[in-house]
Amino acid sequence: MTEFRGVIPPVVVAEHEDGTFDAESYQRGLDRMIQAGVHGVFALGSSGEGAFVTPARREEILRATKEVVAGRVPILAGVIDTQTDRVIEHVKQAEAIGVDGIVSTAPFYALGGLPQIERHFRQIHAATELPLFAYDIPVCVHVKLPPALLMKLGEDGVLAGVKDSSGDDVSFRFLLQDNERAGHPLSLLTGHEVVVDGAYLGGADGSVPGLANVDPAGYVRQWNAYMAGDWETVRKEQDRLSDLMRIVMVPTTTTGFGAGVGAFKTALKALGIFESNQMPEPVSKLTPAEEEGIAAILRQAGLMD
Amino acid sequence: MTEFRGVIPPVVVAEHEDGTFDAESYQRGLDRMIQAGVHGVFALGSSGEGAFVTPARREEILRATKEVVAGRVPILAGVIDTQTDRVIEHVKQAEAIGVDGIVSTAPFYALGGLPQIERHFRQIHAATELPLFAYDIPVCVHVKLPPALLMKLGEDGVLAGVKDSSGDDVSFRFLLQDNERAGHPLSLLTGHEVVVDGAYLGGADGSVPGLANVDPAGYVRQWNAYMAGDWETVRKEQDRLSDLMRIVMVPTTTTGFGAGVGAFKTALKALGIFESNQMPEPVSKLTPAEEEGIAAILRQAGLMD
Amino acid sequence: MTEFRGVIPPVVVAEHEDGTFDAESYQRGLDRMIQAGVHGVFALGSSGEGAFVTPARREEILRATKEVVAGRVPILAGVIDTQTDRVIEHVKQAEAIGVDGIVSTAPFYALGGLPQIERHFRQIHAATELPLFAYDIPVCVHVKLPPALLMKLGEDGVLAGVKDSSGDDVSFRFLLQDNERAGHPLSLLTGHEVVVDGAYLGGADGSVPGLANVDPAGYVRQWNAYMAGDWETVRKEQDRLSDLMRIVMVPTTTTGFGAGVGAFKTALKALGIFESNQMPEPVSKLTPAEEEGIAAILRQAGLMD
Amino acid sequence: MTEFRGVIPPVVVAEHEDGTFDAESYQRGLDRMIQAGVHGVFALGSSGEGAFVTPARREEILRATKEVVAGRVPILAGVIDTQTDRVIEHVKQAEAIGVDGIVSTAPFYALGGLPQIERHFRQIHAATELPLFAYDIPVCVHVKLPPALLMKLGEDGVLAGVKDSSGDDVSFRFLLQDNERAGHPLSLLTGHEVVVDGAYLGGADGSVPGLANVDPAGYVRQWNAYMAGDWETVRKEQDRLSDLMRIVMVPTTTTGFGAGVGAFKTALKALGIFESNQMPEPVSKLTPAEEEGIAAILRQAGLMD
């Protein structure tokens, strides 16, 4: 059985200036991460534009991912959408192309309520043999997945794991403990690149750091130190990475996804990996001045000359 | 030029027990509303499942709408999605089938920010000749569209109108005043079926009441009284309709969309218009006990024996 | 028994430039409102700084209110605080000075929960013979008082009325209907000065408009038209008043209370009623440029030359 | 100069069944914590009812604290209130009784806005020579204190430290880094008892764990391990304490403060330290069944037989 464990970056998407998919840049970034030793990749997450790509773009991204990964590490694919049937259509597409696991949020926009969320995950699971991860991201779907529900779905074999982007470290700690006590049915991954060390201290199974698109080697070194019980290295690497994360504070012309993923794409452009820092509509790409501010941080971090 | 004015119900969708689209029930409900004198219909709104239907279902609903309306009143079609390109795909489909106007929310899930929202509406407008309505529904997209932005887009010819489901009547009143002062570029419709009378008092161009699926004649009578300046009838009709709206408080097994649209579908079933009160996954339909509670209110209102 | 009905403005506080209480300006404003025909006054509300005055200032304000009102209209006094015992201390002070009713919010900062809120109002009621109003102001206390709870407390004789500043006109309409059906145990007052006409259409017992500090005569005329069933005058007066309310949009150097009450105080200064537009710490008073913007609106409204 | 560093529990208040202050129980709890080796105490925090005690109770609590602490450790006193002048009155009282530092939140209920918050802290600082801590608790005051503002106030000598109860560990990590870079002007304390280990990994100066009222020795052992660089002990102690924290999940009859502080008081009663688990109005104390559930967890943790 596939193991989802270690550093599994959410892959950001490369686009040409005209908005078309830039497979070459995308694959260059992916290959660099695998070469750096990441333990899996997560395509079509929130950072990977999975919640707002068109069906055609979704197909392009999955095919390009599959091609370059070529079995070297497992692929998680986001199947994020407002409603169950729509999610299952994405699952079928992902199955056809061939991925190793899928990741779904709670339904959003209108179809909330805990019984509905539980039913949502159960129906998705019933429609596929792929391992299913719950994506806990209240900032986007406006509901926090309660640990008790996650554990129930884990113990019932519905969920294989959780990607936690809730920002609620107290809840995540309780979940880690509950999971241990229940025999570890869930693979628990943190999405908070700035405090991965704390999640490891609590026993997390891995991390899904957007910043690993920029510095995969750092997160791999941190993981290795965690495996070796070398906490001083874990925290020092974290401090270095958290400093690097300041690139997301450079943008002043946009906020949220535009600033965060915009900064990652811009850093990848500065590093010569992406051709452009183009963003999906209606988000504008970062300005040349913002590009310069991000490059300055990369230089300070020793990632470029 | 098409006028969007008067009572324009957001049409709820009929489904068979197996979840397939029930065109016959759907068209029966639509025809009943048009016979009752409504001035337009709004397909694929939030109540009309527009934000969470699959592409195939979207096509079925639009075709069935077009067929039964048959030019008798204008059709507004929701083109609600997370991101601009996805919305434009829905616009192209709606154009191909033939509708009279389109309705888009702000982007949601992640791509927020006022400059992004403005760009979103401008890009949609650039992609179509259909009149474009902004759908202001913060409870679903988690941002309130500021009157100043709406007026700017109205005066620039980008927006033809606004469907206000913001719950912010103070903001709506200011918008009504601003619009009047600017020469009335926008058609301003309220989505709050319980206080339509207050919106009319402020000068609204119409209403989009979900409850009109159940009692279209009441909202038409209220509109006619408004046009005649007969405020006593406007408020009395409102009090009657607000009492009827209590059907959405009957459900105890679900909340939000499940309770509200669930109650409307259940009322339509009780009235013999819908075959089933089936809901889209992962929402369960209302229970027999809840059906009975809703029927009791309909009887009290004189809508059924 | 005292009747709380009609226009009952929440009185804003006058302060000298050095921050001390300006009894003369305060009483001038109050007397002007009573002369204009208001039906009561509400001291120490949110606009009246009741939630953040010191105990000494609270005493000064209540005494000055009592003195100038001199029995001409009933006085409501805010007894707003985080916790029950603190509220009851304010009630005792208000009783000692002599007021006609008291107004309490739900507890705030930490002690939430519906059973706690119910107990809070019951305990306050048990401690006094004064009529008790519930102040529904979720923007400040971060909980909406449910109509069902308000009706229960009204029917039990705990509450004499509700000051609704919830911004939720749908809920208020349901409350108006429930209250009517129950024999009208509650006096229901709207706090939304921009849509008072809609509240009257729904049958409200009165209004508590902050803007009535600036233009009491307008709200009195509107009330009289309501009593006469002259809805055209009600809505026209509302449109005029809502235009005047634009003074709260002038401030750019502050927001919220600072902008709203800051604009009212500044208007009163421009009208020669208040000596200063001084605000309580840590809020800065509006700037001279903002004062000029507000004066321009007052001139346009014909309130000053 | 007094150092605020290490484990500084927020002291919960003891009350007799009739609601009067139980100085004996309160002092017993405090003395037990000091004997266990805590490095300071924080009276009148949120857990210590500082935001909702009456002025007389505030005096009683401070005097009892001063008396039993008797100079053994520094005392921090909460001066939490809605507005600056009210806070300064509390500061004067705390100065008169004799404390070593004061802790203030941002203003709440209505007087928000970042410039106002900055002015609030500056005015408090100007009124006292006591070291001033900012209490970052958005769940209560509904605003998050931005790291940039905290650093500015720290570098200007206005703030001596921060008690972080924001739940935003990403922001806290950035603050820790900024503070280090600026020469460590601020003492940075975490208030999240469940993930103290992560905060220590990031370099926090200490913790303010409510649970330390129940198990002070555990938090002291954890601190000592942190000082020794023994991370395995730090995390193991944390796992044990986080398990113990499950006592706050026992209550089903109340939520929030009532459940959290209610559970702490109930545990202290079970341990024979508090006479009663009485709560401040309008909060009910936990039920006998809930008491039993909490005792079961204490037994499992080996804290009682």
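First chain written, first letter: the chains are A, B, C and D, and each begins at residue 1.
Following the convention adopted for this analysis, contacts are C-beta pairs under 8 Å (C-beta built on N, C-alpha and C of every residue); 3 or more make two chains touch, one makes a residue touch a chain.
Source: prediction; values computed, not measured.
Chemist: Taking a step as a move to a touching chain, how many steps at least join chain B to chain D?
Modeler: The distance in steps between these two chains is 2.
Chemist: Over the chains that touch one another, what is the least number of steps taking chain A to chain C?
Modeler: 2
Chemist: By the contact definition above, name the pair with the higher C-beta contact count: B-C or C-D.
Modeler: C-D
Chemist: Call it same or different for chain A and chain D: same when shared residue numbers make up over half of all numbers used at their interface.
Modeler: On the two sides of the chain D and chain A interface, the residue numbers are mostly the same, over half being shared.
Chemist: When the C-alpha atoms of chain C and chain D are each averaged to a single point, how far apart are the two points in Å?
Modeler: The mean C-alpha positions of chain C and chain D differ by 36 Å.
Chemist: For chain A, what residues touch not just one other chain but two or more?
Modeler: none
Chemist: Classify the inter-chain contact topology: is it line, ring, star, complete, or other?
Modeler: ring
Chemist: Throw together a list of every chain pair that touches.
Modeler: Every pair of chains in contact is listed here: A-B, A-D, B-C, C-D.
Chemist: Under the definition above, what is the set of chain B residues touching chain A in their complex?
Modeler: Per the stated touch rule, the residues are 46, 51-55, 57, 80-86, 89, 107-113, 115-117, 119-120, 123, 140-142, 253-258, 280-284.
Chemist: Quick check on the complex: what are the chain C residues that touch chain B?
Modeler: 167-170, 173-174, 177, 192, 194-195, 197-199, 201-202, 229, 231-232, 234-235, 238-239, 242-243, 246
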